[in-house]
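Common to both upcoming complexes is subunit A, partnered first by subunit B, then by subunit C.
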Partner chain A sequence: MLAYLGYLSLVLALGATFYAALMAGVSIWEARGPRAARRAAGIDPATLESARRAAFLALPLLTLAALSLIAMLVTEQYQVAYVADVTSSSMPIYLRVTALWGGQAGSLLFWAWLMSAFTGTVMLRKWEADRELMPVVIVVTMITLGFFIGLTVFFENPFVLLWQTRAGEVVQAMFQPAGTLALVPADGRGLNPLLRHPGMIIHPPMLYLGFVGFVIPYAFAMAALFYRRVDTQWIKTTRRWTLTGWLFLSLGLILGGRWAYDVLGWGGYWGWDPVENASLIPWLTATAFLHSVMIQEKRGMLKKWNMVLIILTYALVIFGTFLTRSGVLSSVHAFAQSAIGPAFFTFIGVTFVASMVLLFREWDHLSSETQFEGLLSRESAFLLNNLLFVAITASVFWGTVFPMISEIFTGQKITVGPPFYNQVTGPQFAALVLLMGVAPLLAWRKSSAQQLGRQILIPFVASLVLVAVLFAFGITNPGALFGFWISAFVAGTTLLEFYRGTAARMRTTGENALVALSTLMARNRRRYGGYTIHLGVILITIGVVGTTFYQEETQGRLRLGEQLTLGRYVMVYTGLDEFEVDDGRIVARASVEVYRDGQMLGELYPRRDYYIESQQPMTIPGVRSAVEDDFYVLLVEWESVGADAATFKIYVNPLVNWIWAGGLVFIVGTLVAAWPESEPRRRVVLANAPARA
Partner chain B sequence: MTQTAAVARPVVATRSPVKLKFVLGGLLIVGAIIFLIASTLANTAQYFYSVDEIKARGGSLAGSNLRASGAVIGETITYDPETLTITFEMAHIPVDDAKLNEAGGLALVLHNAVIDPSAQRLTVVVHNQPLPDLLKNEAQAIVTGTMGEDGKFYAEELLLKCPTRYDEAVPAQAEGGQ
Partner chain C sequence: MKKFWIGLFALIALLLVAPIVAAQENDPVTDDDVNRVANQLYCPVCENIPLSSCATQACTQWRGTIREKLEAGWDEQQIKDYFVSQYGERVLAEPRSEGFTLLVWVIPPLAVIVGAFVVWQFLRRAARPTQAAPEATPATSDPYVARLEQELERRR
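Right after this comes the complex of A and B.
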C-alpha cells in the first residue's frame, strides 16, 4: 500500500542522510592532521564517494515519498489522516496536488523534498574545484536535511493511518494497533478555503525554495571555515546558489503580498504579521550578504562579516520555519500548536553555536587584506548599506519576538502592531533607497564630493522639479513628497547609469542605442542586473508611498440602484445572484457598476463564497486595476430574500499596481544577474556548474 | 588606540583617523536606530490582557491602548450593516500558552469558557468593519484597541482563530481587518 511505501522511503531517506553524514565525517577524520599531512594523505576517494552517493540517494527516496503522498491525495485515500484532513471529494485535482503543502506534515515533507533537490544537485555536479570542501558540505547539508526528514518520521508523519477501536475511539498509527479496524472516512475535511487560490499554489513553494536555497552557501561557508580555506572561493562557488535562493525568496514575498491583497479582503498587501516578518528577516540578511560579498571579491575586506551574515541568514531561515510551525505566535499563517517546537529550538541553538565556534576559531585568519581609505567611497557605501539592512532586520526581529521576550521577563505579554514597524523601518528603508541611488556613483577606495556632486546634479534638480510639480497638483503630505522625491532622484541616478554606459558604447562601437544597451547589459550582467533590481525597488517604493499615504475607504448600505461615492469614483449597486457551485460552495455575487468622473469603467462582481463542508465563508473582492489606482470593493452583507439591499466596503488604493510591476522588474533583474555569462571562455567552466533549480 | 597611532609610522597615522571616523559614524547610526526602536516601542506597545485582568483593573485602563483575548459567544454577535458596527461578548480564557495546554488545548478551553455561565465576559465593539468570515461561536478573538469609560472594549483590529476546524493544519485564522 502506498502509505507504507511512502513511509518506508522516508525512513530510508533518513537512513541515507545519516549514512552520508557519517561517511563524510569518517573521511574528515581520516584526513585529519596538519594541513601539509592532510594534503599528502588526501581524502579517501572511496569513503567520500560513498557519502556522496548516499547524499544523492535522498533525492529519489524523498521524490518517491512525495509522489506517494500526492498519489494518495489525488485518489482520495481517506484512511490516511493527512489526506482526510486537507482534501475532500469536491476539490479539483490541482488543488488536491497542492494540498501536499496545505498542512503541517505534508509541507514538512515538501520542504525536505525541495531541499533534497538542491543537495542532490550539489552532489551531481562536478566538484573538482571544491573537492576539499565537500566532506563538510555533505555533513552540514545532510544534518539539516536529516533534521527535517526526522521531523516527518518521528513527529509529523504525513502517512499515518486512521484506525477505530471496538469502543469507537479513533486512533492514529502507522501500523494497525491490536483490536482495531481500518477507518476510512467517507470524505475528507477539505483544504482551508483561504488556501484555494492560485497565489497560494505557488507562494509556499517559492518561499520554501528560497529558504532551502540558503542551506547550500551556508554549508560551503562552514566548509571554508573548517578547512581554513577562507579566500573567496566559497563565495564564487555558491554565488549562483545564493542568487537562486534569493530569487525564490523574493518571488515568495511578492506572491504572498498579492495573495493577501486578493484573498484576505482588507485592501492591503503587507500586515507585519509575525510569519510575514519571519520570511522578510532572512531576505534582509541575504540581501545584505549579496551586497557585502562584492567588497570581499573586489577588495578582500569584510570576510568575518560575510561569514556572520550567511550564518545569520541560515539561522533565521530555520527560525522562520520554526515560528511558522510551532504555534508560538498568533498569526494568519500559524499552524496549530505542535510538538516540533522544542526540536526546532534545539536544532537552531546547536547549529548556531557550532557555526560561531568555527567562526571564532578562524577569526584571526579572516582579517581584511586591505583597509578602508576614504569615508566617501564605494566600500563605505556598502558598509552603510549593510548596517541599514542589519538594523532593519534587528528592528523587525525585535518587534516579532517582543511578545515572547516580554512575557519571559515581565510575565506580561506586550505586543506591537503595524504602527511600530512602519515608524521604525520607514526611515531606515528611506535611507536605504537613497543610498541605493548614490552608492553606484561612488568610486572604489576614494571619491570626492565634487565628483559626486557633478554626477548627481541633473537627477537632483530634476527630482526637485518633479516634487514642485506634485506639490502644485495638490500633493502636500510631507511624507509622501519625501517618498516621491527619493524615488524620482534614485530613478534618475540609476537611469543615468544606463544612459552613460550605453552612450559610451555607442561612441566607441558605433552601435545603435538598443544594441549598445543590450550588449552592455549582457557583458556586465551582475552590474546591470543589479541596477535593474534597483529600478524594481523604486517602483515598489512608489507603490508603497501611494498606498500608505493615500489609501481611501468608505462603506455603505445600498438598495438596488443606489450609489456610493469615494473620491472620483461612483459605484452603483445593480444586482445580486445567489447560486451553488458543484465544488461545495454557495456563492453570493453582487454586480456593481463603477464610474469615474461620470465615465462608466465597467462592472465588478464582489462575492462571498460559503464553503459548506468547512462552514467557512470567504470574501472575494471585485477589483478594477489601472496604472494610477485600484478600485477594490467587498461585498459585506446582503439580504438573502428579495436581495434588494447590500452593504459594501470600498477602497481606492493609489499606485498599488506599481508594487506588482516593480516586483516583475525586480525578478527580471535578478534573472539577468544570475544568468550564466556568455563568453565562450567561461562557458567551459560553467558547463560544470549546477543547473539552476 | 590613539596613542599607538601617534607613535606609529605615518602610513598608519593617516589611516587611523579614517578608521576612527568609521567607528564613530557607525556608533552614531546604531545609537540613532536603537533610540528610534526604543522610543517607538514605548509609544506603540500594547499590553496583552485577559478578560479577568481587564475586569480586575476596572476603570484604570480606560483610554489606554491594549490587546485582549477571549472566547467569542456566538449568540451575542450582532452586526449593524448600516454603520458596519460589530458587537459581541467574549468570555475569559487564559492568555498564557502553558495554561492553555494544561487545560486541554485551545479548542477545549474555548468551548468550556463559552458554556461556563460564571466566566467573566467583556463586550467588544468594532466600528467600520465588514463582518469577518471567522467570527462565530467558540472562536478565539484577539482584539486590539482601547477600553471605553463604559467598560466596553473598542477594537480597531480583530483577529480570529478557530481551532476546532483546522486543529492539525493550515492557517486557522484570518484577519478581520486592518
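Right after this comes the complex of A and C.
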C-alpha cells in the first residue's frame, strides 16, 4: 500500500541523511588525523564519495515519499489521517495536489522535499568548484534535512492511518494495532477554505523554496569557517545561493500579499500577522547580507559581520518555520503541548551556539584587509543600510515574539497589531528608501560632499517641484508628502544612473539608446539588476504610501436599487443570488453596479462563501482595478429571505496596483542580477583588485 | 489678561469638541462609526483577525455591542476599556504603552540607538589608522590548508 511505501522511503531518507552526515564527519576526522598526513590528497575520496551519494539519495527517496502522498491525496485514500484531514471528494484535482502543503504533516514533508532538491543540486553541480568545503557542507545540510525528516517520521507523520477499535474508538497508527479494523471515512474534512485559491499553487512553494534556499549559503559559510577558508571563493558561492533563496522568498512575499488582498477580505495586502512576519524577518537579514557582501568583495571588510548575517538568516528561517508550525502563536501552552515545539527550540539553540563557536574560533582571521578612509563613502552608506535592516529585523522580531513573552511573564496575552509596526518600522523603512537613493552615488573609499551635491542636485530639485505640485493638488498629509518626496527623489537618482551609463556608452561606442542601455545592463548585471530592484522598491513604496495614508472605507446597508457613495465612486445594489455549489459551499453573491464621476464602470460580484463541512465563511471581494486606485467591495451581511437588503463595505485603495507592478519590476531586477554570468573568472580577478591594492 | 487667555482657551476647546458632541447627539450611529472603533480592536477569539473584518457570527454580535454602546453615548475609549475588561488586553490592536507592555515600544528605538552607537564607534576606530601588524592571510595561516590549496591548484 502507498502509505507504507511513502513511510518506508521517508525512513530510508532519514537513514540516508544520517549516514551522509556521519560519513562526511568521518572524512573530516580522517583528514585531520594522522592518516591524512601520510596521504597526499588529505581527504579520503571513498568516504566522502559515499557521503555524497547518500546525501544525494535523499532527493529520490523524498520524491518518492511526496509522490506517494500526492497520489493518495488525488485518489482519495481517506484511511490516511492526513488525506482525510485536508481533502474531500468535492475538491478539484489541483487543490488535492496543493493539499500536500495544506496541513502540518504534509507541509513539513514538502519542506524537506524542497530542501533535498537544493542539497541534491549542490551534490551534483557544485562538487568540483567547492569540493574542499564539501564535507562540512554535507554535514550541515544533512543535519538540517535530517531534522525535518525526523519531525515527519517521529512527530508529524503524514502517512499515519486511521483504525477503529471494537468499542468504536478511532486510533491513529502506522501499523494496525491489535483488535482494530481499518477505518475508511466516506469523505474527508476538506482543505481550509482560506487555502482553496489558485494562489495556493504558487505562493507557499515559493516561500518554502526561499526558506530552504537559505540553508545552502549557511552551510557554505560554516564550511568556510571550519576550514578557515574565508576567502573570496566562499563569499562568491554563498552570495549566489543567497540570491537564489532571496529571489524565491521575495516572490513568495509578493504573491502572499496579493493572495491576502484577493482572499482575506479586509481591503489590505499586509496585516503584520505573525505568520507574515515570520517570512519577512529572514528576508530582511538576507537583504542586509546581499548588500554588505559587496563591501567584503570590493574592500575585504566586514567579514565577521557577514558571517553573523548568514548565521542569523539561517536561525531565523528555522525560527520562522518553528513559529508557524509549532502552534506557539495561538498560545505558549500549545507550544508546550505540541510534540515538535521543544524539538525545534532545541535545534535552533544547538545550531546557533555551534555556529557562534565556529565564528569566534575564526574571529581573528576575519579581520578587515583594508580600512575605512572616509565617513562619507559607499562603505559607510552600506553600514548605515545594515544598521537599518537589522533595526527593522529587531523591531519586527520583537513585535512578533512579544505576545509570547508577555504571556510567559504576566500570563496576559496581548496583540501587537499594525499600529505598532507602522509607527515603529515606518520611519525606519523611510530612512532606508532615502538611503537607497543616495548610497549608489557615493564613491568607494571617499566621497566629497560637493561631488555628491552635484549628483543629487537635479533629482532633488525635481522631486521638490513634484511635491509642490502634489501639495497644490490637495495632498497635504505630511507623511504622504514625505513618502512621495522620497520616492520621487530616489527614482530620480536611480534613473539618472541608468541615463549616465547609457549616455556614456552612446558617446564611446556610437550605439543607439536602446542598444546602449541593454548592453550596459548585460555587461553590469549585478549593478543594473540592483538598480532595477531599487526601482521596483520605489514603485512599491509609492503604493504603500498611497494605501497607508489615503485608503478610504465606508459601510452601509442597502435595499435593492439603493446606493452607497465613497469619494468619486457610487455603488448601486442590484441583486443577490444564493446557491449551493457542489464543492461543498453555499454561496451568497451580490451584484452591484459601480459608477465613477457619474460614469458606469461595470458590474462587480462580491460574495460570501460558506464552507459547510468546516463551517467557515470566506469573504471574496469584488474589485475593479485602475492605475490610480482600486474599488474594492465586500458583502458583509444580507437577509436571506426576500434578499432585498444587504450590507456592503467599500474600500478605495489608492495606488495599490503600483505595489504589484513594483513587485514585477523587483523580480525582473533580481533575475537580471542573479542570472549566471558567462565569464565568472574574470570578474573574480576584477573584484579582488581593489582589495589587494 | 489671564482671564482672556483662559477664555480663549475655553472657546477653542469648545469649538473643537462641539462638532463631536453634536454629531453624537443628533446623528444615528452609522456602520462607519462602528468600524472606526472595531478597527482598533481584534477579534477576542480568532487568531489575529481585526474585529472590523472578521466574518464570524460572534464578531457580528460584538460589532452589535459596539453599536449599542455608541448609541448609549459611550466614547471610543470607554468601549475599548469595556472590551479589555471583558476579554483581556489581547483585543487591543495597538498595545498599551504602560506597565509590562511598555517594553514592546521601548526596545526597538533602544535597539536603533545602541546599533547606531556601535556603528559610530566602529567607523571612528576604523577610520583612525592603527599601526597593528598586518595579519597573515587566512589562506596560508594553516600549513595544511596551504598544501591543500596547492593540490587543488595543480588539479585545475
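Basically, the second predicted complex is superposed on the first by the 650 of 693 C-alpha atoms of A that agree within 3 Å, B and C clash if a C-alpha of one lies under 4 Å from a C-alpha of the other, contacts with A are read in each partner's own complex, and residues count from 1 in each chain.
The rule we apply is simple: a residue touches a chain if its C-beta (ideal position, glycine included) is under 8 Å from a C-beta of that chain, and two chains touch if they have at least 3 such contacts.
Since the structure is predicted, the reported quantities are computational estimates derived from the model, not experimental observations.
Enquirer: Under the stated touch criterion, which partner chain does A:192 make contact with: subunit B (first), subunit C (second), both, or neither?
Expert: The first partner, subunit B, only.
Enquirer: Name the contact category of A:102: first (subunit B only), second (subunit C only), both, or neither.
Expert: First partner only, subunit B.
Enquirer: Examine A:367 and indicate which partner it touches, taking first as subunit B and second as subunit C; both and neither are also allowed.
Expert: second
Enquirer: Touch test for A:231: subunit B only (first), subunit C only (second), both, or neither?
Expert: A:231: touches subunit C, not subunit B.
Enquirer: So, does A:414 touch the first partner subunit B, the second partner subunit C, both, or neither?
Expert: Both partners.
Enquirer: Please indicate which partner A:383 is in contact with in the superposed arrangement: first for subunit B, second for subunit C, both, or neither.
Expert: A:383 sits against subunit B and subunit C alike.
Enquirer: Mind working out whether A:85 is in touch with subunit B, subunit C, both or neither, as first, second, both or neither?
Expert: In the superposed model, A:85 contacts subunit B only, not subunit C.
Enquirer: Output check: A:271 vs subunit B and subunit C. Expected answer is one of first, second, both, neither. What do you get?
Expert: both
Enquirer: Show me the subunit A residues, by the header's touch rule, that subunit B contacts in one structure and subunit C contacts in the other.
Expert: 264-267, 271, 273, 330, 371-375, 380, 383-384, 387, 391, 394-395, 398-399, 402-403, 412-420, 424, 428, 555, 557, 617-619, 636-637, 647, 649
Enquirer: Which residues of subunit C touch subunit A in their complex?
Expert: Against subunit A, subunit C makes touches at 30-32, 34-35, 40, 42, 47-48, 50, 52-53, 55-56, 60, 88-95, 100-101, 103-105, 107-109, 111-112, 115-116, 119, 122-123, 126-127, 129, 135, 138-139, 141-142, 144-145, 147-148, 151-152.
Enquirer: Under the touch definition given earlier, write down the residues of subunit A that touch subunit B in their complex.
Expert: 81, 85-86, 102-105, 189, 191-192, 194-195, 264-268, 271, 273, 328, 330-337, 371-375, 380, 383-384, 387, 391, 394-395, 398-399, 402-403, 407, 412-420, 423-424, 427-428, 555, 557, 614-619, 634, 636-637, 647, 649
Enquirer: If you look only at subunit A, which of its residues touch subunit C in the complex?
Expert: 40-42, 131-132, 227-231, 264-267, 271, 273-274, 301, 329-330, 364-368, 371-375, 380, 383-384, 387, 390-391, 394-395, 398-399, 402-403, 405-406, 409-410, 412-420, 424, 428, 553-557, 608, 617-619, 636-637, 647, 649
Enquirer: What residues on subunit B touch subunit A, complex-wise?
Expert: So the residues of subunit B in touch with subunit A come to 15, 18-19, 21-22, 25-26, 29-30, 33, 36-37, 40-41, 43-48, 67, 79, 81-82, 84, 95-97, 101, 105-106, 128, 130-131, 133-134, 142, 144, 157, 159, 161, 163, 165-178.
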